[in-house]
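Look at the two complexes coming up: chain A is in both, with chain B in one and chain C in the other.
Moving on to the complex of A and B:
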């Protein structure tokens, strides 16, 4: 099986949690949908190409920073006395708000398109991107340190693969439940990880009628455990790339 | 070949130490061959557990006393000697077996595991070099390689994740500990019990010489016949419960638990005198917080007191008489609890006087019994009265046992009861006194002191006061005195004003009992100290119970549950005159059943405590934390100021002995001598202390006796006399109200 391996660096970045408003919270790693979105954008794909993604990496720290927030409300008319911006007769509020930012993020991403024929195309689009790559918010530049086509294989491990302490990953819960991956916590709790449901891709579903369509995205969410102290123990059969990196494919 | 050391004092190589373990392994296996464990796994862990000591940092520490930073605990390094691949492929172990071995070895000492993976990797690489210089005939296969994290990653095997594995681990790890400790202490891990039934037969022989018709009674027969089952027997005082318990234990490893140290000392003395008299230091021990002290008292008889003490502490003697906190603290599953439960898995435990335990202890007992039966141990509850509630709770935990059976001497009457609807009254006591033995039991210390003083004022002769607020030395002497008077063959007489410290197990026999009502259970206990084992065939009464009438007795609503007190009071109103043993047991049945007690604080407290223990994660707590919870430490050990002032010189001398620094190069004999001297000094110092409730010390401690940098004993400002014990001084009047209320709680 072939995959494209990406090594990215981002200086300050927010991968927004969909439910956070007052403070724009960030996921600790980019969600699958965000990565898939970046690939599709850089490749100029107009519709979803099925692919699996593995996301791991680390970040140095976290800071909170201010940003300008614009507030819209459907149909809100412009009112002079409310310090609004006038946008074609409608009122838009402007104020400050806070965003969580990860600092010095290093990512190791594997992209495994279902259709192997896309491998080269995706590779080229990342090798010579048509515009600046960004991951997270539009302004969150991503520096591509490596793009490489790698060979993946399910391998029975001869010895433990132990990720260094600060390295984190989204572990699809199936991998964790089958004990392909164990989380080695020194503390006493049963699970030393955080459970997330991470968006991956969506279908458009029409909840209205044909005439009066109400279209919503129905997200395919992946159950993952986010953790550091990741170990793939010997004798387990685990998907790895040619440099013995564990691939947490989802 | 290098000499890798395992121990420094005396110097011993890893091979020698491991040989010692294997020797003890064989002892254990020959005494208990049917133990349900995987003996091969136990053998492997014995063999491998200390190999990690080969590393340079450890050797340097042992050899030259140099301490290195980042020394990885040797238990963790020993893991590198578990060749999982070899053990699975060649020796047929399963992956779970390897996990078991790894956890047993890694935690054979409880240490903080702070090392990083990188450090571990480096040390394992270095070990690969060391092992080339290591030869050991018992080790046929050796291959150093970092053990996979799948078997051990600083985690614990959890009961709720894999129950079978948890129990397997517990036994292996616990037995490894036992074997290791025994090897280090140079004592055998177990001594076989092949004598107890024989000794009991001999005892019967001597009885039969006096009385041809002597024989085991119904209770004792019942216990003997059902010695392979978990049983509950309710038997009145004087039915020979000690013998019954021992018959049930038979030729097995046994623990006999009693609620009070005094009772334990008495039983120990009796057993070593009458039953197990030959070589008893190899057969029977007693275990409570003052064991060493007690052994010291007898030290001329023992060849080696330290060895005897070690054997007792390590639970290696066939029969141990102990308090329940010595064994049931394992219910908290603190880090390092495994050896205790592993030992209990092949032991039989007698629990005597269960009615004496407070709700929290009852809860620990019940959970403890669940664990013990789960690993294969057996229990017998022997008691004078048994609240039904305990039976129901045991059933709720799905513990298997035979239905309780009651044994009484049916038609014998020991007591004639008079209920007086008043508060306890010294005039009344005075009238009852006629050069006979009168026992007065009050609910609180304060009340006892009050009654005593009133009697004193009336110039009554031969009165004595005994309660828990005396310094140890005085307490001991008072205890001896009361035992002397209370001996049924003694013709001494007098009045003893006491509290419930005499309630259980103290072998005393008075002519008349005067008591405050606490609750029925307590009352019947107290009545057991009067006409202990003789029939009452006179006119009139021998037990006088003051139930306070419309008012409340002291202590009620504090440490005495008010609901139970009221129920008891009501039930007693019907009685006047003789009361048979059977009637007593029926009364207890009537009042202490789950139905009636379900809404009381007593019941709630038991339930809450059971839930609390269940909620604690295994290995969450450390042993010292558990000790604190278990002792319910609301009390502080102090030296009363008066005592300190009048014994200053001696106390200072003990202090000097304790802090004496001897030359480390002296011979072992010499060092041993100093150590014993220190212990004796410590015990003597303890003799001047008393333990008082924590809230008391506020505002009443101005100075401390500093023993050394780490230890100090508060000197407590109070009135003290041999006659009255501690009497508190109130310093702040505004708090009087609260003080009074709290004071009533202690007895």
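Moving on to the complex of A and C:
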């Protein structure tokens, strides 16, 4: 199985959680949907191409920073009393709010398109991007340190693979439930980490009428556990790339 | 017969709600079945849920309520009733006066007034407290002359306390307290926190708003509903139950649709989830306006254990202050760390509520190690702090805050030193505290792999050098020169200007006719060492400033 391996560096970045509307809370690693969105954007795909993604990496620290928040409703008229900005007759609220930012993020991402024919196309789009790559918010630049087509294989391990120190990953629940991966060191009776339900891709569903559509995204969510203490023990069969990186494909 | 209702874990705030929900029910002796990542309960436990809700909150947060402030004076009155007023002295009087002021203030505040209306009693507490007066002793008179008045006040106070302490009154009075001191931290604007609410009785209001829709929702056939709950995916009829009431999470759906995709808000929840969310004040542990929650969500049991540990630590503290949240967190972390074989706590999300904002951190294994290694230095910082523009900052909190975010402490040390030099009046710390901070910082830098572990204690020898240089200056009668020099050194350290630092330093040693200590060779090697040594040196250099004839010293 072929995959595209991507090594990214980001200086300050926010991967927003869906329910954090005020303080923009960030995930510790980019969620699947964000990565898939970046790939689609850089490739110019107009509709969803099925793909699996594996995300691991680390960040150094976290800071809270201010950002300018604009709030408005489609078609809302300007009202002087509301301290709004006047935008050609419409009213837009402006204020400050806080965003959580991860500092010095390093990511190792594997992209496994379902249709292998896309491999070269995606590779080329990342090798010579049509515009600046960003992951997270629009302004969160991503520096691509490596793009490489790698061969993935299910392998019976001859020795333990331990995730490099301080690195973390999203581990899909299927992987640790099968006990192919051990979380929490040698003592596997108690796991350690935080569980997340992470968005991957969506379908559009119209709840309005044809004339007056009200379209919602219905998300496909993946149960993952976020942990740094990951070991793929010997004799277990685990998906790895050619450099023996564990692939947490979801 | 009703079927069981299942609630699954989700986001941290919802998890806090689940914990609160479980706490509330178990406090009243109801049963909740706990599984790996969900709980199950029977519909019957929702009977009288509003009573259970308030009972839990009142019992848990009793120490923090103004109601308790009033009632807790009873033993003092009883003491004097038994012993007579012979021993009544000036201190007692002062205490009584400040207590009377409190009582007068609270009894006529709006939330108490609202509670009186719910209570069936012909006693008029406002009139009673009006008849209370603080007692003044004129210069000529002795304390005996006012004992009559004291006695009278005691009688009235006792009447007020009796009124407050009556269980059927406490229910409303303390209930109102809980709403404004605790519940308001996590949600606002609806039910009894809606200023325009029609139902004045907080218990009925809660029942009508949260509990009743839930039981109705459980009963009803939902197959025709076309929307889904944003949280649990259950089917819902409409999108009326949006996230707007959750502080710092939701937004006003009607006016600020730009928050959501294509201006169509799909973030709405089912009544069950809403009820669970309403229990967050019982899940997050609040101390006045601060809160803490640990999202140890690997399974429900550990989530409950970890957070109850925090609750226990806080409630067992003798004096509850806003710093208690940190201390409780550190204590329970330390305990867990010691039972490391049984528990693993790394990679767990810690949520803190401060200044009306949530802050999130994930504790890494490394960080836990560092916290554990520095616990001794940390614990010595608890009572240190400084005042800046009428706000008191606790150094312990500042340090932990920075450590949690993986930030080094150089800026903090810099600030402390500048403060110590420029306005020692506002400093409630001494040089030993700064050295502790530097020690923590050194261990932190080593732990993060930025510095090699040195055998010798660079902090100690650098601050020692500073101290001896100061002594030399003192002998020469030139101690006053040192603050100017300190400023220059601090500037050099902040800007990483080794040349300027060494220039100043060599000048000083030339003037003092001393040889330059070897430690500064280390300082030249790399930036981290330079900063640590530099700051330690300045700390030593300004040591004993208070006794150095400074007029501003306190």
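What we mean here is this: the second predicted complex is superposed on the first by the 234 of 250 C-alpha atoms of A that agree within 3 Å, B and C clash if a C-alpha of one lies under 4 Å from a C-alpha of the other, contacts with A are read in each partner's own complex, and residues count from 1 in each chain.
The working rule: contacts are C-beta pairs under 8 Å (C-beta built on N, C-alpha and C of every residue); 3 or more make two chains touch, one makes a residue touch a chain.
Note that the structure is predicted; figures quoted are calculated from it, not measured.
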Next on the checklist: After the superposition on A, what does A:234 contact: first (chain B), second (chain C), both or neither?
Outcome noted: first
Next on the checklist: Touch test for A:88: chain B only (first), chain C only (second), both, or neither?
Outcome noted: neither
Next on the checklist: Just checking: does A:182 make contact with chain B only, chain C only, both, or neither of them? Give me first, second, both or neither.
Outcome noted: first
Next on the checklist: Going by the contact rule set out at the top, does A:159 touch chain B (first), chain C (second), both, or neither?
Outcome noted: first
Checklist entry - So, does A:68 touch the first partner chain B, the second partner chain C, both, or neither? => result neither
Checklist entry - Comparing chain C with chain B, which touches more residues belonging to chain A? => result C
Next on the checklist: Looking at A:209, would you say it contacts chain B, chain C, both, or neither? Reply first, second, both or neither.
Outcome noted: neither
Checklist entry - Common interface residues of chain A with chain B and chain C? => result 184-185, 190
Item to check | Contacting residues of chain B [partner chain A, same complex] | outcome: 113, 116-117, 146, 148-150, 153-156, 158, 160-161, 617, 619-620
Checklist outcome for this item: Listed in rising order, the residues of chain C that touch chain A in the complex are 9-11, 13, 37, 226-228, 230, 243, 248-251, 254-259, 261-264, 266-267, 295, 297-298, 341-349, 357-362, 364-366, 405-407
Item to check | chain A residues touching chain C - in the complex, by the definition given at the top | outcome: 17-23, 25-26, 28, 60-64, 70-74, 76, 93, 98, 100, 166, 168, 184-185, 187, 190-195, 197, 207, 214-218, 225-229
Item to check | chain A to chain B touching residues, read off their complex | outcome: 159-160, 162, 165, 179, 182, 184-186, 188, 190, 231, 233-236
